[in-house]
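Labels A, B and C are assigned to the chains in the order they are written; within every chain, residues are numbered from 1.
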Amino acid sequence: MSWFYAFDLFGVAVFAITGALMAGRKSMDLFGVLVIAIVTSLGGGTLRDVILGRHPVSWIGNDLYILVASLAAIGTVLWVRFTQPINERGLLVADAFGLAVFTVLGTQVALAHDVPVSAAVIMGVMTGVAGGVMRDIICNEIPLIFHKEIYATACIAGALIYIALQQLQLGTDLASILAMLAVLGIRLAAIRWHLELPRFHLLDREPHDSDK
Amino acid sequence: MSWFYAFDLFGVAVFAITGALMAGRKSMDLFGVLVIAIVTSLGGGTLRDVILGRHPVSWIGNDLYILVASLAAIGTVLWVRFTQPINERGLLVADAFGLAVFTVLGTQVALAHDVPVSAAVIMGVMTGVAGGVMRDIICNEIPLIFHKEIYATACIAGALIYIALQQLQLGTDLASILAMLAVLGIRLAAIRWHLELPRFHLLDREPHDSDK
Amino acid sequence: MSWFYAFDLFGVAVFAITGALMAGRKSMDLFGVLVIAIVTSLGGGTLRDVILGRHPVSWIGNDLYILVASLAAIGTVLWVRFTQPINERGLLVADAFGLAVFTVLGTQVALAHDVPVSAAVIMGVMTGVAGGVMRDIICNEIPLIFHKEIYATACIAGALIYIALQQLQLGTDLASILAMLAVLGIRLAAIRWHLELPRFHLLDREPHDSDK
């Protein structure tokens, strides 16, 4: 098992935990917890594969993804019920790590399909954030990545850095590590100093919207 | 026309009715009623086919699916307007029947694509419940299958039973009938005695969520 | 560059503007504005391509789509911040034009994949309206096309007219222009006289819904 595959499974587990916690905040039943955990951890990669026309999608043909996501979800429920609350700080750092892995992985997969740079960046970002967006949509929340601390911007930077380093012939392993460190560094800095992108406020009701 | 195909069309009609009723509760116009009915009845199978890379998806190439869903939606509007309210009890039983058919059908399709057992179960459940989840998301509701009486659990049991019976070489017809009876039995028992899965309640606001 | 391709890019820009404005009403940050703009303008075509199994999807392999959508989104933010409010009337007309282009384009693509008429109409409507539906779902609104002035009905008419004219051997250019004029005419008339489809109101709470 390569180190990158181990990182990937770790990312799946972390994202599943954030999904299970959101399901708990919505008082879902155990099936709901499992579904939200699986969608959060595997939804981004599935959307990427479907848009790229890459079949079978990652988790079909490898039981381990579903298994890890399910165990992480069940473990979260048991942990919260029988021990102390989740360590917020630790989960945030783990989530930033998972985000870094997923972004680089998604960019790699897209480049292997010979897509142009703009599409490769979008695929990298999509792999990193789309699972969380699906989780929020199913749970009837406006996706938090669209109006909170810098999150997706770290993915954009990581995808661009990976692509640039690849073209410098640095080797996949070194390029992956440096790009992941970039995502992790930006994300942890954003958490530490509450960095946000500027927002676009539009206060007046605009009647044209009612027609679309 | 095989008996299973007839069952499939019956399931499409029933799911379209539940979609049209939900659209009516949201005061949608006739186009909205049609869309929600079609998404509810064909959305699960479409998602399954797209993830499996199975083209063309089921309802392309067979006009009958769209036709049945549309007629069921229009019939629902006319029925509610001109006669008595919908018979709740009857609709619940019909819905359980449609769920049983869709689950077994989805599991069959997945197995025909040589996916592992975990993916076949997920495809069976997805075929049964994803249309209803899409209906609830479009209508801005938290999907009810995640916090109500046992519903998806019946699908999981049905998919597992179908796979087990297939491996016992029981023949597709007999395996299908027994698996459908399992889904139907569990679902009707859940309706009758209000069986629920345990829920996962998480009351404290967790700030880490605001970062994902 | 054909005139139709120019129209297509114009439609992408207009839909991106409506997406950026909606993101602004939800106070999203700049990343959110970009995502909603891209999803609104390219989501319908992407869904159509994924369901048809057409790879690569339209915007992969042609950077111009993403570029136009992004520039339109950024331009919208700058325009609103530094000059006067958006001209509602003008945007409505531009949106109707984009809708006409997307509908005819989607119908053409579907027919090129040899799907039956019912599926071609659905693909045309989907290309025209699904991006806006995704925008509304992500922004946690019930999609407005399901309960406002005639919008999708114009797409249905346009797709049917295009298919009929094609079968009369009128030539793609002439059929496209006439079908677009039909969409545009119906839509502008609906805006001008506030035409609506009849709605389906269902007031009583129906307990069967809680089980699906």
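Going forward, contacts are C-beta pairs under 8 Å (C-beta built on N, C-alpha and C of every residue); 3 or more make two chains touch, one makes a residue touch a chain.
Quick caveat: nothing in here was measured; it's all calculated off a predicted structure.
Trainee: For subunit B superposed on subunit C via Cα atoms, how large is the rotation, as a multiple of 5°?
Mentor: About 120 degrees, rounded to the nearest 5.
Trainee: Would you kindly state whether over half or under half of the residue numbers at the subunit A/subunit C interface are used by both copies, giving same or different?
Mentor: Answer different: the two copies use largely distinct residue numbers here.
Trainee: Distance between subunit A and subunit C based on Cα centroids, please, to the nearest Å.
Mentor: 28
Trainee: Which positions in subunit B touch two or more other chains at once?
Mentor: Residues 50, 53, 137, 140, 145, 148, 151 of subunit B each touch two or more of the other chains.
Trainee: Considering the complex alone, what residue numbers of subunit B touch subunit A?
Mentor: 50-53, 113, 115-119, 122, 133, 137, 140-143, 145-148, 151-153, 156, 196-202, 204-212
Trainee: Touching subunit A in the complex: which residues of subunit C?
Mentor: 18, 20-33, 35-36, 38, 46, 50, 53, 55-57, 59-61, 63, 66-67, 77, 80, 85-86, 88, 91-92, 95, 132, 137-140, 144-145, 148-149, 151, 191
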